[in-house]
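Here chain A shows up in two complexes: once beside chain B, once beside chain C.
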Partner chain A sequence: MSAPTTLSSPPFDVVGGDHAKLDAPDRLTGVAAFTDDITLPRMLHAKILRSPHAHARILSIDTTRAAALPGVVDVVVGSEMPLTYGVIPWTPDEQALATDKVRYVGDAVAAVAAIDEETANRALAFIDVHYEVLPALCDPREAMANTDVLIHEDNRHGNISKRVKLAFGEVDSALAAGDSEPGAHRIAGHYEFHGTTHAAIEPHCALAHFDTTGLLTVWSATQVPHYLHRELARVLELPTYRIRVIQPAVGGAFGGKSEPFDLEFVAARLAIKTGRPVKCLYTREEVFLAHRGRHPFSMDYETSVDADGRILAVSGETVLDGGAYSSFGLVTTYYSGQLLCSPYSFGAYRFHSTRVYTNKPACGPKRGHGSVQPRFAIEVQLDKAAHLLDMDPIALRRRNLLGANSTTINGFHIGSNGFAACLDAVEASSDWQTRRAKLPRGRGLGVAGSTYISGTNYCIYPTDLPQAAVQICLDRSGRVRLFTGASDIGQGSNTTLAVIAAEHLGVELADVRVIAADTDLCPVDLGAYSSRQTLMAGNAAIMAAQELGKKVRKAVADHWQCSPKVVTLAGRRAQRLDDPAVFIPIQDAFVLAETAFGTLGSVGHYNTPRSGVHGDYRGGTIGASPAYSFSAHVADVEVDVETGDVTVHHIWAAHDCGRALSPVLVEGQIEGSVYMGVAEALMEHHHVMPTGLGLEGEKEPGPWVSGLLAGSSLLDYPIPTTLDTPEISALIIEDPDPRGPFGAKEAGEGPLHPAIPAVVNAIYDAVGIRIDCLPVTPEKVLAALDALAAQKGSDDA
Partner chain B sequence: MLRIRPIAHERPSSVTAATDALQKLGEHGRVLGGGTDLLPNLKLGTDKGRALVSLAALPGLVGIAEDAERAGTVRIGAMTTLDVIANDPIVQRLLPSLAETVRRIASPQIRNQATIAGNLCLDTRCRYINQSDLFREALGGCLKSHGDACHVVVGSQNCVAALSCDTAPVLIALGARVHVVGGDDGGRTLAVADLYCTDGLAHTTLTQGELITAVEIPALPPTHWVTYRKWSRRKAIDFPLVSVALRLDTCRERDHLKGGMLVIGALGPKPRIVDLKKFKGRDIDAALAAEIGRVAEIRAKTLPNLPYDPAYRRRRAGVEAKRAVLAFMANR
Partner chain C sequence: MANLPDSPSPLAPAAPPVSPAIQSPDRPVQTSLLRFELNGEAKTVAAPAHWTLLEILRYELRLTGTKQGCDKGDCGACTVQLDGKPVNSCLVLALDVQGRTVKTVEGLAVGGQPHPLQKSFDKRGAAQCGFCTPGMLMSAEALLRQKRARGDEGIETLEIAEALSGNLCRCTGYTKILSAVVDAWRDKP
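Here is the complex of A and B:
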């Protein structure tokens, strides 16, 4: 059943208007209540004891001394919640608290609830845990080869968490054509993407209360209240109807809050045990350890292009460093290959990706899940191809356009496609042709493109139930109430849904109250991941709003004794289209409707299309989406050849979001994505030391401890300040997709992808060096410049 | 969140009461100025202090004045905040290098709170110390943190954590002195260069009960020129990963050198001072800049104590020193 679509063409009343986020004033004035702002009477504070070993067997846990401390109310250990869970139902390999083994420095083993945080902190030192330390595997290739040390002993494939191998077309012969055809090229490259983490400013926090009726309420800084609801039920062995999950205001998530975490189970269990509310707030260090950030990828790519720059074949082999648990890893492994087949047409394609368990904090989804890393590799490969062919890199990309209403080589159906317009926009606004010709040595321009999904076509668990739902009520007050399970994590989904409701019901944005992300009050939505909220919850909102709009127009038409077709609702009025002088305030229109139909409410839902989305092969569903966004970036970069410093002066970022329902929000997403991408390219590194304490660039790391995170603070994990952030030109491209609400597609994750390869390609343009292993650090730049000089010297000699 | 363990706090109202309190508390006492370094260290447990002696109520420790008798000599009260120093007209006129240095420290919020004496007394930093309890427990501790091994220089009995303050190098280059009260002598004045020793565990030469009350910077002759260059990952917030202060003493025409010094910071517990007298008489030109850069690189013996590749930090020290000379040439 495909999406209800409506009002697909302008002019619009609210859609595309110049409005701010609904919650902006509350956030700016400090009124917005985050989870940690909520305090309940008699509330206790929980803290979690974490493993100092990267890999160890738990021999015993004795909480007696901690429990006896004054101020400690209760303790909890893993044997009280032994059931395994995992956000992906096929890979439940985590426990709320470890019972038998710890698998990374930071794995949770026990927790206390005390009258205050200080007491809880202090009590942790009185929990006695005896470990048998096991060898730690921190290098994925070493872990893959090792069959003696198993991180998950019941795993049937050693330390391999997931392996995916897919091929489309005659790959070997098409690759070989790159060697044999006249003027063609075959480019082989090895790329490394380091790990990075989300660094959301709000740390994870959960508050749980078990009331006298037996209802467990959990407030949590989560982006997936529904999945949290399910996993709480599973692990606590409670029916879902006895659990209520509420997501208060969230201070950033970026994928880092998209699955259940130990603190939610711990707070809930301790609340049940003590009968008192229990809060657990992560320290910044715990946020770094909870992680689920971007996987380190080690990638080998081969690409063949013909003499005209057409992509004959792409072949990729990737090792994903998964960390200690599966998290979303099954999906990540598919995404690492499946999301690469657009926006360019490939003659043939294959990928072979292997995710490996290591004794490190588990990796998961971060903004641009699984596809930011291979996107970096392929866009640099294409840049190398353009230089070999002596072709403009934008022209090479144009030569390989997939176009609209096309099918990728791996069988994904592409609907609207504004990629060509994105390339045009960045070429024009960066003044690419003339600027590029004039730049001095040390200054360069680079380009890259990308695509991303507007939600994944299938739920994480197999179901035919709706993936998104919205309920709307209106009444004589003139107000619209919209209830949704969608999760606003700062990206503005509440505002987007309000825009849709306001557009259909003729009210202003301020007249719509959005009540979201409360599993007792709101219909089920799967949450804020895979860039799904606008398209999926948006379509559900349209369905609900249309039904009510129809009733209001009918009641007004009856009142005016005309056809409902000539009644329009806009600008807080009901108005006759054929005679604009005839109108009544929208509040009066709602009164007419409430009089005619009784209390006014409607529900809408959304299910993704079940045909015309993807190919029919095992794994073909993963990475498929109802609609795809497109992005292109140009970066203007300066390289200091003496210090190796890279300064990104400007990024022009064009993004096809289908339709910008709220242009300011789309611009914000583009700017935030560029910011994050540049940070990952140049600065951020979630660095777990594999064989000791060596840091980046050091030849001989120390021999002592494996699996320690190099820095678990925002001082040691630098994110750019405003002074380190480039000028960003956010260019909105609108190529409406028939499957999107008003044609809208995603904007939250896609625009991150090209920033990284655009910067790296610009560095090549500036000084002629390729940095294929991220992050780009000054010492790597200097080493590459030294190597280039040495090579030139030997060429001259 | 991280919290400070319950800790004693006193707020004396005279300097004598403060030094007496510090004397009495001995190794457990800590001076609370702006607290921007001390409080995070207490939260992380890297500082084991048990009692705070706040300077907030002490009279006479705030303010900047030019000496009435010695024109050009500037006295800065110990509790003067970095923000005040950066924006002070006297400092901007007479000590632009100090104003520039202070502006590169941390963030506006921290500069509003942090004090000049606090910056000079900043605790040393090391990538094995300035970490969480869990990290240090997993590591097994170190000389500075409940252990007996140094992970930076294996086998060392001496902690080599780095002095990461920005003001010490430039104040040394400026020939500044600090006024100290309390202690066995009752009070003394010492050069900032003599404020530090090579022990990362106790890196200042202040004794128990001693308190800095002011920093005094002598008039800089018009033929002398001082600058400070800092390298950190970001353009704000961060501690230096290596830093260089340069003083050039020139002839009146400002084209050749009569003397000078390089002060390299963020190496070990003490800034490294390099006398430039061997370049006396040399033309100040690109060739000299390159040579001073080479000297800086040779003398900047970086250790793997701060969270960045020491080889790069060393190379960077050379580039920064060279650029400091080039900056003089561009401005003379």
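Here is the complex of A and C:
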């Protein structure tokens, strides 16, 4: 590890303080510029023509009529940028605009740049595309079995996008022990996790400008400027130094903006062709089509526990519905098994996961990438085990703790581990013991736990280059400027980095100006995904700040003729530790340092540890992280047995983030995660209809009606309002990790996971039914209640 | 949902005649001269007849504080106040604001000072990405103003939740937003 952590114990000056977000005032006054708020002189507007077919061959595209329309400035088709790309370099299976085939309803085919959006929209109708419609595969099991219809014809494995099979320990015998050992249990369950999407309130938007020096600038609502930069260079066949990517304020992302999209290539290509700035803004429907949301998982789990509740073995078999393209799918397939081996100790473990291409919008990473679905299954499995053993579900979880400085069965090294403290916290604050005993039928409590990564140990392309870097300048103004490639997408990474710099350099938070996510101005950072920025960019910031802090202390010490060891920088002052009456304003200290050393700047970087992190089997690196967060939730749920409605009254969510650099921000991440998780359990469903509506009963329902998105608006895909959101108690647990900056680990994704199984387990506690296929709907609840009543009736009879 | 009265306010001047079509690429667009009060200032804008208030604000007047999240009345990011009442500006035809009063997030500060809601949202961390925030603030301000006019003494979480239920936020889980509105009501941001 290149950036040693210092100042690791309290009291702190800025770290952990009650501060708000640095850039909030701009967002509260309407001043902050999001991508669509930027307008350039002579700017054109682009719109994209999309496929009406789920699967079809493109026979011809004729843009002549569209190009001739008044107000249309240019058109672009796929043959102008035919190179394939993909965020994962091993699976480049996408094109900016399709050339030969379209693979889902909504696949991009051509685009128009016009003087305004209306004209561009109108012109799309004048692009003539001839398709040969192909059978559409919307069901992953059907697609897997089908060898005649191939969604990607050059794929060597039919319609299978990725398959991973890993086993650790003697799985079969350990599973069998669940049958044979006295008091032990073997639990088999089939679980379905439906697809859901991110639905950030800001739609994707890109603006491109090609200037007279040959520099292409792309502003985009992205969370990965660096990966966008790389893929733009590849597809446009330009060297990266001729491209500048700028990420303006982003209105939420949640994984939905973590790879390049057609609109960025289209705007860039049209800007180059026309010599004018080109903007492309998705409609809300296009956001739903762009998707990359949570994969539907079909999961079969087997779990054995001994008479004391110890987990003897876990075995999972999963089919992932990938949609039309790979996206991050290679990683998703690994994550679907690799991230399950904590926070509980497994005696033996195996998983077999298969990701399948289907003719639907591509799935990708959504908050808690790849691990939210199996987490739902395992936490319900454990709940079933606890009931079979007649054990308190919290006690069962305590019995299986991995603990700190441990190694998971799949070889991941766990450093700090606050999971036990998370369980304690939710048990106490929900008043679990007494409340649970007293609840009437219809009301129940459920518990679940989870873990998540603080960044992946390896970049998604092979490199030994730093994964995060920060530059810091300070000068006679007494202010600090911090440059970072990290992406603030609302989670507050700019503030987090400023906290770290301010703590080290003795200034206040407001004295740090953060310049972020501009590939011309900032050093490379891989971006906002896999919860990596606090740990990685944070450590880089420490390294840069330490170097400057040292210089400032040295200059002040020379001035005072003392040792730098007794000079401290805090609260806008340089002060003598051995004589606190001696101090100067921090600005004077910076002046002394600038005088002594010349212009003051430093760089810091971070690379993950290369040993002691994971096992050395094939695939063992994927899912490994420098540090892991932990969460536990208790849900208080009410089930209306007449209507089947489920109301979540309260979620107590404890999260071990190592150290809360900004507690208000950490709480915000916990609350936002819980909200999103509960919505996935009860409300949201990114549903693609295998056969179209309206044509049912017709003699020949052709393939042209397949693959339509059921809900492509925020009305038809309802997300929770204020009235649908439960009361949330965010409980911060701090178990500092030696690898995190000031001990900090992630907080943005982990706390989503337990919400879903906690709700489902609470439903069981309330009325005794198991809903193993999400989402929980009133129909499913009523059907399960009926089945339970019938079962009871026949038991009584 | 847009909350439009049936007829313009009696104080509104009569709508000016529709001006001759401004030449658009392939079909004439009817353009009208629109006079209304925006954030305390008189405004005159030439508005294509089919434009929404949101389009006028963002693309004609460049007041980009008001956001567009769906353009069909589902998200509330475009909420502004029309004659003091919150409306989805993407559902209001620009011509409907003739002679009326519009307030956007840019007009929320009072006397150069942030509005108490802006202060409490800041302090509570109620804006994460901030994209829903301008609309959220306009709905919340209308609620608080209405309550003060009514002489209400207390405030209930449920009435705040109801007033903000048309404003979707994807980041916060609403918890801190609700607390911030309570703080601003008590005016101790």
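Basically, the second predicted complex is superposed on the first by the 780 of 797 C-alpha atoms of A that agree within 3 Å, B and C clash if a C-alpha of one lies under 4 Å from a C-alpha of the other, contacts with A are read in each partner's own complex, and residues count from 1 in each chain.
Definition applied: a residue touches a chain if its C-beta (ideal position, glycine included) is under 8 Å from a C-beta of that chain, and two chains touch if they have at least 3 such contacts.
Remember, predicted model here, so these are calculated numbers, not experimental data.
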First (chain B), second (chain C), both or neither touched by A:Leu69: second
Which of chain B and chain C A:Glu779 touches, first, second, both or neither: first
Touching partner for A:Val603 - first (chain B), second (chain C), both, neither: neither
First (chain B), second (chain C), both or neither touched by A:Gly106: first
First, second, both or neither for A:Leu521, with chain B first and chain C second: neither
Partner chain in contact with A:Leu715 - chain B first, chain C second, else both or neither: both
Partner chain in contact with A:Ala167 - chain B first, chain C second, else both or neither: neither
Winner by number of chain A residues touched, once chain B and chain C are compared: C
Contacts of A:Ile728 with chain B and chain C, given as first, second, both or neither: second
Touching partner for A:Ala176 - first (chain B), second (chain C), both, neither: neither
Chain B and chain C contact sites that coincide on chain A, given as residue numbers: 122, 203, 283-284, 715, 721, 723
Residue ranges of chain A in contact with chain B within the complex: 50, 52-53, 105-106, 117-118, 121-122, 203, 281, 283-285, 642-644, 683, 693, 695-698, 702, 704-705, 707-712, 715-716, 718, 720-721, 723-724, 778-779, 782
Chain C-facing residues of chain A, complex: 20-21, 24-34, 36-37, 39, 69-72, 114-115, 119, 122, 198-203, 249-252, 254, 283-284, 489-492, 664-665, 667-668, 671-676, 713-715, 719, 721-723, 725, 727-728, 730
Chain B residues within the chain A interface of the complex: 1-3, 5-6, 127-128, 130-132, 134-135, 137-140, 151, 154, 231, 233-239, 304, 307-312, 315-316, 319
Residue ranges of chain C in contact with chain A within the complex: 24-26, 58, 62-72, 74-75, 77, 104-106, 108-109, 114, 118, 121-125, 127-134, 137, 160-162, 164-178
